[in-house]
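One chain, chain A, appears in both complexes that follow, with chain B as partner in the first and chain C in the second.
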Partner chain A sequence: MRKTVKALAFGALAVGVALSAACTKNTGDSGTNKQAEAQKFIVDYKGETVTPAPEIEGAKSGGTMTVVQEADFEHLDPSQIYVSNALNYSQLFYRTLTTYIETGKEGDPTKLVGDLATNAGETTDGGKTWKYTLRDGLKYEDGSPILSKDIAYTVSRAFGPLGAQGPQFIQAALDANYGKDGGYTGPTADKPYAPGISTPDDKTIIFSFATPHLEVPYLVAFPTTAPIPAAKDTKEKYEREFVSSGPYKRKEYVAGTKLVLEKNPNWDPKTDPLRHQYVDQWVFDMTADPKAQTDRLTAATGPDAAAVMMDNVPPNSIPTVKGNAELMKRVFTGPNQYVYYLNINTTRVTDVDVRRALNYALDRDAYIKALGGPDVADPATTIQSPVLPSYKKFDVYPSLPDGHGDVEKAKKLLEGKTVPKLTFCTSNTTANQNVAAVLVESFKRAGFEITPKFIERSAYYTTIGVKGVDCDLMSSAWGQDYPDSNSVLGVLMDGTKIVAEGNNNYSYFNESTINDKLKTLREMQDRGAAAALYGDLDEQIMKDFAPVVPLRYGRNFTIAGPNVGGTFLNQYSQFNATSSYVKS
Partner chain B sequence: MSEPNPRGTEPADSAADSAAVGVLDVAASEEGAKAPKAIEGRSPGQLAWMRLRRDRTARGSIWVLGFFIVIAILAPLIEKVYGLGPTVNSPDLLDRSGLPLGYFGGIDFTTNNASNHIHILGVMPGTGWDIFMQFVYGARTSLIVAALATLLSVVIGVVIGIVAGYLGGWIDQALTWFIDYMLAFPFVLMAIAIIPIVNTYLADSSGYVPPAERMATIIVVFSLFGWMSTARLVRGQVISLREREYVDAARAAGAGRGHIMFKQILPNLWAPILVTFSLSLPATVTAEAALSFLGIGVQQPTPDWGRMINDSLSYMQTDWMYLVIPGFSIWALVLAFNLFGDATRDALDPKSSR
Partner chain C sequence: MLRFFVKRALLAVLTLFAISVTVFVLFFMGPADPAASMCGSKACTMAQHEQIVKSLELDKSPVTQYASYMRGVFVGREIGSDSLKIKCEAPCLGVNFRTYEPVKDIIGRTLPITFSIVLGAAVVYVLFGTALGMISAIWRGSIFDRLAAGTALTFASTQIFFLGSLILLIFVYKTGWLPRPQYISPSTDFFGWIGGMLTPWIALGLINSASYSRFSRAQMIETLGEDYIRTARAKGLGMRAVYFRHALRAAITPIVTIAGIDIGGQLGGVAITETTFSLPGMGKTALGAVVSQNLPIVMAVVLFGAVFIVLSNVIVDMLYAVIDPRVKLGSSGR
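Entry: the complex of A and B
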């Protein structure tokens, strides 16, 4: 019996300790995220941007900056880079024809400027030919000059298998047969350059197209135009043996573990409108998952004091981070470019009132809470992201003030109709399973009967991209490839682009009036004016056709070390590398 | 746990006991034949039940098991009485980040809250689903999978064991070799490898597997990899039984092999079979939870304890109550099954070592 008493006492003590540790009443917190402002955007066609880049206030030279990431970059070959983390950090060692300048200060516009080129591009025939002139004094890390033929070679190279994972826009624009029989497939002895590329001299490169392409200044900002000296192109090995044209060069690269960059002495700041060379060394530590990244940046000891994390804090760790006021000072938050949709397959759910009812019935509050709350996501009501210059704020299916949707309005729209049974496809992850169940329940309130279908993650987008897929509702996310709505509405809502498989228009939305408008907007020369019209078109699509239920705008929540200066979250949802410095 | 053994205080019954289950133990039966003290006629089953009832541990575990089985069977009725389904969203019970408001993960015995409903075990973070109803329906999933899988594997094991043990010769050798071969497979690893493959095969064009088929896959895989220990045990018993006089008698009377194996020998094996059954059930419960934990078990919206634990791990620092409930449920169910299995073995075969 004595033993029992002792055990009981210990048990009671343990329970007591546990209880007292958690015996705080959660009364919730309040406050809302600041609404993102539509970005101002300037394209510098005239070459007015100054070089070298203006000094960052308070910047210091020296030190080592660490980037903590979960795995190696998928690709560092310039023709293959398409993932945002590589797009961001490759700016340290690749220069491109044009580039974006952000300051991270509120109200400052994002600028698209010439990088290797003197300006964002010159066209005299409405976008059919684009001429780029290189700056003086451009050199590779070995001191040899960067010539226009190198850029022509790199762009041509991206037509072959070495460019298969990279962006495909410029290839498709230059060669109507790209990807088909008879299309250009990369440099050969008799066809060194892709059709439409010419280099009249060492400093000039001209792209000519069959139809107007006003998005070219954006397209040549991709690393597709980062020069590769043909003599040093090691093909598949170039992923690891790249030649730098930017302020840093490879010092050590252990694939999957560590990449160390050191200063490139042949980079001349006088030729560069964007980059700085404050930091002595960049170390990419590829061994920490998001949770471990969070823990390391929370402790921020040793070299981690000057470190940034590459991923976001996992939603479940956010409450712990928020409980630490000191740590919160180092947290960077803000909207990212991703918008998450519930696509309604318009070929199967043909009644627009049913689609509207779905928009009304969604309980966005429940949905956002299931994901981890407003630190992870903002409720979305538009197709375009708030970070786009063409964003227009509107809400054509307003929820009741409690944020749980408007079930009565949904029921009214469905009155007298037999509500179809719907299947909802989503990719099979633990988080998605919960979220899908919450969505199904929220639509149930209006009388929808929805069966969730979980599809293997690796096959998900391939499966729902097949025309005629037997899903009524599909979840998807989209982030623009360049800050112009031609890369959002022009991709997601253009019915003329629907093909047999590999679609991005998951609603299979095909309205001739909208298709025509998109074509007009695509060919408008004044992109600023086009942006405003894209905003109106977004509203019109949602109001008249409701092909999607916008679910959420993604948000970043990530941590930098206390010794990191000059950085901010840029358009790639990453810490801006080119302006960072190490404090003390 | 030093539970006093009630049988230890009853020497008077021990003789009768061993007679009752003497088929399991040659020495015991001989001893039993010496001093038959039977006053009133009791069947072996009655005797076992009597011993089971006197065992405090057994009584306790029966109550716990009964509780789980009853809530599993009556789940829809409980839902009606409780007035809340397992997957009703209650976002207003959560704070902005999706954590339950109030104390202990939203435990509330009053209806004075946003959902106007009691939540006796709190609500799930993120969704606001009632944990009590998840627990009730989760018991259903666990018990259905575990019971069917164990039953199937015991049936397979018994048939193979009897055939191997009785027929002997090359058949026995081949079957024993096969049993050893199957035992060499690490079970959980095989399940992880096989279940996704089977699911891919069952999937329709868009890669979807209906919940019922998903559950059936788990049950079949479990039974295909869980019968070996039963088969070995039964084979051993049969080898000792087949030399008995009553088997000889049946053979002399011209009974066929099938008759002898399944009509003569099998009825004398019920005791060890029952014990293996009740001891392998809890192993299946944990294995099922482990599979769901790893994400290849049943899927939403079918409630499941293993998946709940997986889900709750990430809330360990912020809402630990959510981890405690499914964890405690599995612990209690498995412990009760194990104790019950031990007690059954003791009751059916009091001479077995303890």
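Entry: the complex of A and C
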């Protein structure tokens, strides 16, 4: 089954100015295995982005686009959406305060711009207060106006149970007591809005925070700000009875089977910097597993000629696909947002040379092969993903040219030391059992004795997130939640955030010099400058402390039908929906 | 007859009670944390976890949860914490832990798909298998008999995911001779329903028909050797009447038994068939629910599966009386 990891992929980041930063673009390059390339990123604070969105070259109107997927979306309630497939396709019917514009063309910057709002946000006090002004002429599918109070209601609603499975960032930023006794728990008659939210008029919404939050323009790009008219909030049924603010609206929804979207006549392209309405109808077929998706997109007959698959081609089917030259022209590949790590519990493995030796000893070549080969993963050497703006390419523990690691260097580092016996914890899946065997053999070459410990899958992250967990090594994956390394290094490597339970810093890495640097970077108003510094910090952490062994960067390998136009794999590792059209 | 039904009904209630308790016990004895599953793969914040636990009522004891579940089945109930009360009317089978969708709605939309697959395939395998077995019995020892036995053995030793994938690859994706499997309600498009169900019917029908052909062949051969058949022949009765009116009728009783049990079992979920043909029936839904620890869905599917098995047994018993007049329901002579 496809992963539904709660993490997003984003492009690069800068504030105010275009910066040179690393970002990945998946351009459907006929199966070539290109590494991420440098890209710029712009945040449009001034509201300079034009509306309507520029026409897509060669775009045609009409037709039905089919998205073939394995199961229903995990959530379509805007307060609960947190998985990349829903983040991508919900843009067809939800608009948010800000949004990201990508063109899919190499060299073009990714932009964070105002969507419902006129710009990416205005702050005059260093990020403690953020003001958003709505565009003119915004309407719901029934023609009623979209008002600032609707957005205030939606954000406030996310503090309650209907937001519990969605992103939690803005709730935690607005209310220091969120989730604790006395914290805000959703709209009531006497407290209609969450603390810090005000709507001085129908077109203005203001967020006030106790401390600076420079990441707010990114947080309000989540569907947490997609407006819900309070009178039409059907609560738990809103998942299936949502009201559209975007170019398409619900025509038919059979949960778990099919969602059909049709054009929303009350969406005005003149108010929208991102979306198009080329396609007459979108059909989400929720019944095909990745193998069936691959078979259907390979045949691409009937409606499937204008279809895209939501998941990746299963590793077992990749050789068949690669053997079909015609089909490969419709294959889209590229790195995705996930980085997979072997976390070294620094409270148990305290000798940095032992941690370095583990980095040298890893046989990445065998590891990648065990997962399905270079079409499904790239060897990783950094903590940050290549799709992150602050990514810096480096390899402080280089392997010998054969890709099997450098066992001699590992042994040298361990000379005169008692090599500890290590427990390797991982979740109990078939893939992980294969991987565990490879890792055990890999480290054995340098003299390590590793004992795998398989933990029940659903309890895995809860278990290893407990401070004091009795694991020396732990596998994990991470994708940034928003395009700022504060969402990667700021989460994974900040020792000040270690708590009793629910940790994401699985190395339990707590180094005061690094904590200080992370604090400095987090508080920098120029996020572009911060991005460049995060890359250096990544390298320093790996070189001086080696708290993790980076294992791999995830890759996409997916197929579109021959009649699909205007699309590319975007920051969500999905086919870009807002620019898509049917060729004939 | 009445006594028979009362006994059966009581047994059914006891069976369902035992199964429901077993599912609950197994669920809570295992290392399950459904709230963590709902939180996703990253470590959940404690607040988030707590909120999900409360909204799913997982903070209550298993006994309380079971009592609440059963009360919901008969009189309905309200689910959730103070900030989100979901009204679930009787017969309430709970709500999907993830989306709060009522489980009876999920059953309502997945059951017709499973029914369509199972009943359609049953028609194929019972008719085709029995006909094949009957002809083999009549032409015992002929090339046809041997060919039929070989074919039956081949299909019997084939797995649905293999045969199904092969049918899809050749007849759907390569040649386009058969329509892509999909469920269309027969009330909206009857022929569309047949078209969408053809591939699973053929695959499941072929695999299952093997055992029916072998079984009906053996039964027919045995029946054809009975004295009363010889008498019928001796009295000059036509062969067609001998085969269909006498031999087949006697041979079909055990076939009905097996078919009843097979259909009952399959209605509980033909997960592999549904997965192979991408049909979102009860089995496929249950598989997903097991992985995500969505107890109410698992519970409902297991209970429905048990109901079908119990019901199919009752129906088989009733059919006995219709097919074979020697059988009297509830008679002390049995």
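Operating definition for what follows: the second predicted complex is superposed on the first by the 550 of 584 C-alpha atoms of A that agree within 3 Å, B and C clash if a C-alpha of one lies under 4 Å from a C-alpha of the other, contacts with A are read in each partner's own complex, and residues count from 1 in each chain.
Here is the rule we use: contacts are C-beta pairs under 8 Å (C-beta built on N, C-alpha and C of every residue); 3 or more make two chains touch, one makes a residue touch a chain.
Worth saying up front: this structure is predicted, and the values here are computed from it rather than measured.
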Simultaneous placement of chain C and chain B on chain A, clash or fit: fit
Partner chain(s) touched by A:Ala189 [first = chain B, second = chain C, both, neither]: neither
Which superposed partner A:Glu456 touches (first chain B, second chain C, both, neither): both
Which of chain B and chain C A:Ala231 touches, first, second, both or neither: neither
Which of chain B and chain C A:Val50 touches, first, second, both or neither: neither
Which of chain B and chain C A:Cys425 touches, first, second, both or neither: first
Touching partner for A:Asn316 - first (chain B), second (chain C), both, neither: first
Touching partner for A:Arg240 - first (chain B), second (chain C), both, neither: second
First (chain B), second (chain C), both or neither touched by A:Glu441: first
Which superposed partner A:Leu371 touches (first chain B, second chain C, both, neither): first
Minimum distance between Cα atoms of chain B and chain C in the superposition (Å): 6
Overlapping contact positions on chain A, where the chain C interface meets the chain B interface: 3, 456, 459, 464
Chain B - residues contacting chain A, complex: 2, 87-89, 91-92, 94-104, 126-128, 200, 205-208, 295, 299-301, 307, 310-311, 314-315, 317-318, 320-321
Touching residues on chain A, where the partner in the complex is chain B: 3, 18, 22-23, 25-31, 314-320, 322, 363, 365-366, 368-375, 402-404, 425, 428, 430, 433-434, 436-438, 440-442, 452-456, 459, 463-464, 469-471
Chain C residues within the chain A interface of the complex: 31-34, 36-52, 54-55, 80-81, 83-84, 86, 95, 98-101, 105-106, 109-110, 168-169, 172-174, 176, 180, 182-183, 275, 278-280, 285, 288, 291-293
Residues of chain A touching chain C in the complex: 1, 3-7, 71-72, 74-75, 82-83, 160-162, 164-165, 168, 172, 178-180, 183, 185-186, 235-237, 239-240, 254-257, 286-289, 292, 295-296, 298-299, 301-302, 456, 458-459, 461-462, 464-465, 477-478, 501-504
